[in-house]
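What follows are several structures.
In what comes next, subunit A is part of two complexes: it sits with subunit B in the first one and with subunit C in the second one.
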Partner chain A sequence: MKRSTWIAGIIVLVFLLLWQGMVWLFKLPPYLLPAPSLVVLTLVTNASMYASATLVTLGEALAGLLLGLLASVLIASLLSLRPALEEGVMTLAILVKSTPLVAIAPLLTLWFGFGILPKILITSLVTFFPLLVNLLTGLQRVDRALIDLFKSWNASRWEIYSNLRLPSSLPFLFAGLKISAPLALIGAVVGEWTGASNGLGRIMWLAYSNLNLPYLFAPILILSLAGMLVFRFLIWIEKKCIFWQAISMDE
Partner chain B sequence: MRLVVRDLSHIFPGKPPRPALRNLAFEVESGQFVAIIGPSGCGKSTLLRVAAGLLLPDQGCVELDGLTPAQVVAQRRLAWMGQSPALLPWLTVRGNMLLAQRFRPSGGNSRVEVEEALQQVGLSEASQAFPFMLSGGMQQRLALGRVLTQDAALWLMDEPFAALDELTREKLAADLLSLWQPRRPTVLWVTHAIHEALRIADRILVISSCPGALVADLPVVLPRPRQEGTPEYQNLLSRLRAALGSGKP
Partner chain C sequence: MNRFLRVTLLLIVLLTACQPAKTTPVPSVTPVSTETAVPTAAPMKMTFMAGYKPQADLPFVGVYVAQEKGFFAAENLQVAIEHSQGQGAHLQLTASGKVQVTTQDAAVLLQRRADPSLPLVSFALIGQRGQQAYAALESSGIKTPKDWEGRIVGYKGTPPPDMFAMLKQAGADPAKIDLVNVGFDPRLLSEGKVDIYPVFKSNEPYLLQSWGYKLVLWDPADFGVPTLGLAYVTSDDTLKQNPEMLTRFLRASLKGIQYASQNPDEAINIVMKYAGPETDPKLMRYMLDAEMKDLVIDTGHANLPGWQTKAQWQALADMLQQNGAIKPVDVDQVITTKILEAVYGK
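Let's look at the complex of A and B:
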């Protein structure tokens, strides 16, 4: 393992030990702040319940992220091919972005029921904007020398888009994904919080209503672990896809 | 390809507006290798961009065999090479060469042409490498190889070797000459390097700074390879230096 991985592990461990120590030292009751050991115990004793809920929530998060990604790729591509539309579409996107999530979530539940569809829609709404902004920047910020070269080849706008702009935007796509993927988990949980029949958000809401904090903290632990793993996975994929940058960065 | 520059003027808008070219006019016969030299920011690049159809001038025009630059670009008869090698980092050396071929109207024997061009610029061994693995000189040689496969009648080169160290630059300038000689396209080559211009070009145009106007038009009628020591060379050098000095504001 790399030295940085060790250091990261130690930092997390120290944080958990401090937390555990605080709970012991001040004799905090579990309904105010449960010790990490109690959270892990809760997680282990209810493993199958949490496992199925995690699958539901991760599934919603992934579906929502993919939908948000698809929408952002389509719209960013359209805007880079037809720059005249940019101002109008971006105004609309910012309008959607600045509507508070907590206001939309109950509405979507009202319209689409307690199933997974409203959760997927909320998740795609949260993930869409960071992806759109990053992708659009990537598609627009292309080395001018390369644009000149393609123009000297009499390349059409579409040919410049597909051969130059799209591959150039890959690093920006990953920058957007690194913001949007953790947001997708939040989106799915918020969606479940406002009314769901299953999922981690549903468990958290029930636990919160009963002030059963160990049950509330267990999903937080799962979500932070999932967020971390997704982030690591994205970094790994990024290095494979953008090999020309990864190698020059290592040097 | 015969190139005619007619009364070319261009001002970049802004505060204050930057005049780049003023009433520039000259003609270049087909097959001539012309070096364009002058202080930085004097509109040399602007002239080249107009000739490549990348910029529409405020006044005047560039005619290429009687056609507009845009028409010549549409026929794929000009090749462009800029200061940066402009390579696609996700494509191999060969991939970068083949990409240029994809935009040619008649595919032709592109694979063979690419292998030949790679050999001529000395990159056959490195054809599977990615651009970030190459030195700056090799990257520009790849860009030069890409120009070769264009089969163009006009090469527009905007300080292609300016970012390289002096030794590599001299070597590449010599390579450029030997690659040009059998093909004889018309070349407009913007450069800062006085000696390279004198060693390679058929003719040197000196352009003044801000806005660029023609200061001197020096034909270089010396047999190649040219020796720096000869009196003719020294005579041209001092005339060139004088013209460059008078062009300063």
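Let's look at the complex of A and C:
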């Protein structure tokens, strides 16, 4: 294992020990702050419930992220090919981003029903803006000299886009993904807070309203783990795709 | 396509395809109804949205039991059960027709009818007394509302008119209390952040007592303040277009409540199917018992569960108006006894 992984592991372990120690030292009741040992116990005793809920939430997060990605690629590409539209479209995008979820969620339920679709839509709404901004920057911020070179070869707008802008935007895309992937997890959970029949968000909502904190913290543990794994997965993919650039600091 | 991409695609397909079935229980089999429900009937479908999370609130219990024991099926009524976060989405969805029946606290229903004129109407009143009370720790020494003066008092949402009415009755000066907005968090009381905390009689007192605290409780109804509890609510449109569906729903749900009153343990088991392991069945039982007490109060209509009168709603509306909580509202628009009459054959 790499040295950095060891260090990460130790940091997390120390944090958990401090938490456990604090609960024991101050005799904190579980309804104020449960000890990590209690949280893990709760997780383990309800493993199948948490497992099925995690699958649901991860599925929503992934579907929402892909939808957000698709939307941002389409819109960013459109804007890079037709720059005149940029200001208008970005204004709309900011409007969408600024609308609080509490206002949107009942509308989504009204139009799309009580199933999983509204949760996926909420997640995609949450993820698409950072992706859009990053992609747009990536598509636009190409070395002027390279564009001139392509133009000197009589390249069409489409050829410049597909052979120059798109590959150059990949680092920016991955930067956007590193922001949006964890957001997708939050988005899925928040989408479930507004009403769901399954998923980690639903468990967290029920647990909190019952002030059953061990049941509330267990999904938080799962989500942190999932977030970490997703992040590492993205870094790994990025290395494969953008082989021409150094990614992390210690390369 | 290289191996790595194939693996990634497979993962994506697996995760998006793996959606476990909804946990919403399905109605159980062959109902054996000993009553003669209206034979006939074209099958009907509807959606019920509980006004809060799955728990043993009496109107919810009636629906859960009716579903599980086949009372809805006996009425040839297919009911999909949903739950609301409690912030009002259920009212919007009912007003727009996406949901046919929901539950709501009587005072809030009056407020929503007054502003923003939501076209909602109560067709049965399950809680004949209000759900809210105020609690203080016994150790604080606070004994009467007069003792509240100079203390920190929490309220949920907006400053509650029933509290002001109670203080007036008790001869206390509302100006002398320190009002703070709190959410659902009885720990504020146990940790001493507020002196008096607004509780749902059927909920927080149990939690606080289970944590080892003794409480003093004040119910505004005990001070002569008119309060009402939860009602089954529908929209003006649904009432006009489908009273038959509402009648079937109410008949089955009332039967569910009656069953629960006679078989509380079984009723709680049913509730737990809709809640989950994070919910405490003892709290659920406490909730059920507490709300059963307010199901029927002798107001002169022969103890018919669910019945409501203009007089009791008007008294509540008047109290709310006197305390500045609502604009004038026409109570005749807010309640109907049409469905109750159909169910009870009156």
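One rule holds in what follows: the second predicted complex is superposed on the first by the 241 of 251 C-alpha atoms of A that agree within 3 Å, B and C clash if a C-alpha of one lies under 4 Å from a C-alpha of the other, contacts with A are read in each partner's own complex, and residues count from 1 in each chain.
Simple rule for what comes next: a residue touches a chain if its C-beta (ideal position, glycine included) is under 8 Å from a C-beta of that chain, and two chains touch if they have at least 3 such contacts.
These figures come from a predicted structure and were not determined experimentally.
J.: In the three-chain superposition, say which chain, subunit B or subunit C, touches more residues of subunit A.
T.: So, of the two partners, C touches more residues of subunit A.
J.: Counting only touches as set out at the top, which of subunit B and subunit C does A:L185 meet: first, second, both, neither?
T.: Neither partner.
J.: Once the shared chain is lined up, is A:I75 touching subunit B (first), subunit C (second), both, or neither of them?
T.: Neither: A:I75 stays clear of subunit B and subunit C.
J.: For A:E159, decide between first (touching subunit B), second (touching subunit C), both and neither.
T.: In the superposition, A:E159 contacts subunit B only.
J.: Pick one for A:Y31: touches subunit B only (first), subunit C only (second), both, or neither.
T.: After superposition on chain A, A:Y31 lies in contact with subunit C alone.
J.: Taking the superposition on A as described, I'd like to know which of subunit B and subunit C A:G59 touches: first, second, both or neither.
T.: second
J.: Under the stated touch criterion, which partner chain does A:A93 make contact with: subunit B (first), subunit C (second), both, or neither?
T.: So A:A93 meets neither subunit B nor subunit C here.
J.: Name, in rising order, each residue of subunit A that touches subunit B in their complex.
T.: Checking each residue of subunit A against subunit B gives 143, 145-146, 148-155, 159, 163-164, 167, 243-245, 247-248.
J.: Applying the document's contact rule, which stretches of subunit B touch subunit A when the two form their complex?
T.: Residues of subunit B touching subunit A: 49, 52-54, 73-74, 76, 78-80, 82-84, 86, 88-90, 99-100, 102-103, 130-132, 156.
J.: Can you list the residues on subunit A that touch subunit C in the complex?
T.: By the definition above, subunit A touches subunit C via 29, 31-32, 46, 49, 52, 55-56, 58-59, 62-63, 66, 102, 105-106, 109-110, 114-116, 193-195, 197-198, 203, 205-207, 209-212, 215-216, 237, 240.
J.: Provide the residue numbers of subunit C that touch subunit A in the complex, in ascending order.
T.: 4, 8, 12, 15-20, 22-24, 47, 53-54, 80, 82-85, 87, 89, 92-93, 96, 98, 184-187, 191, 207, 211, 275-280, 283
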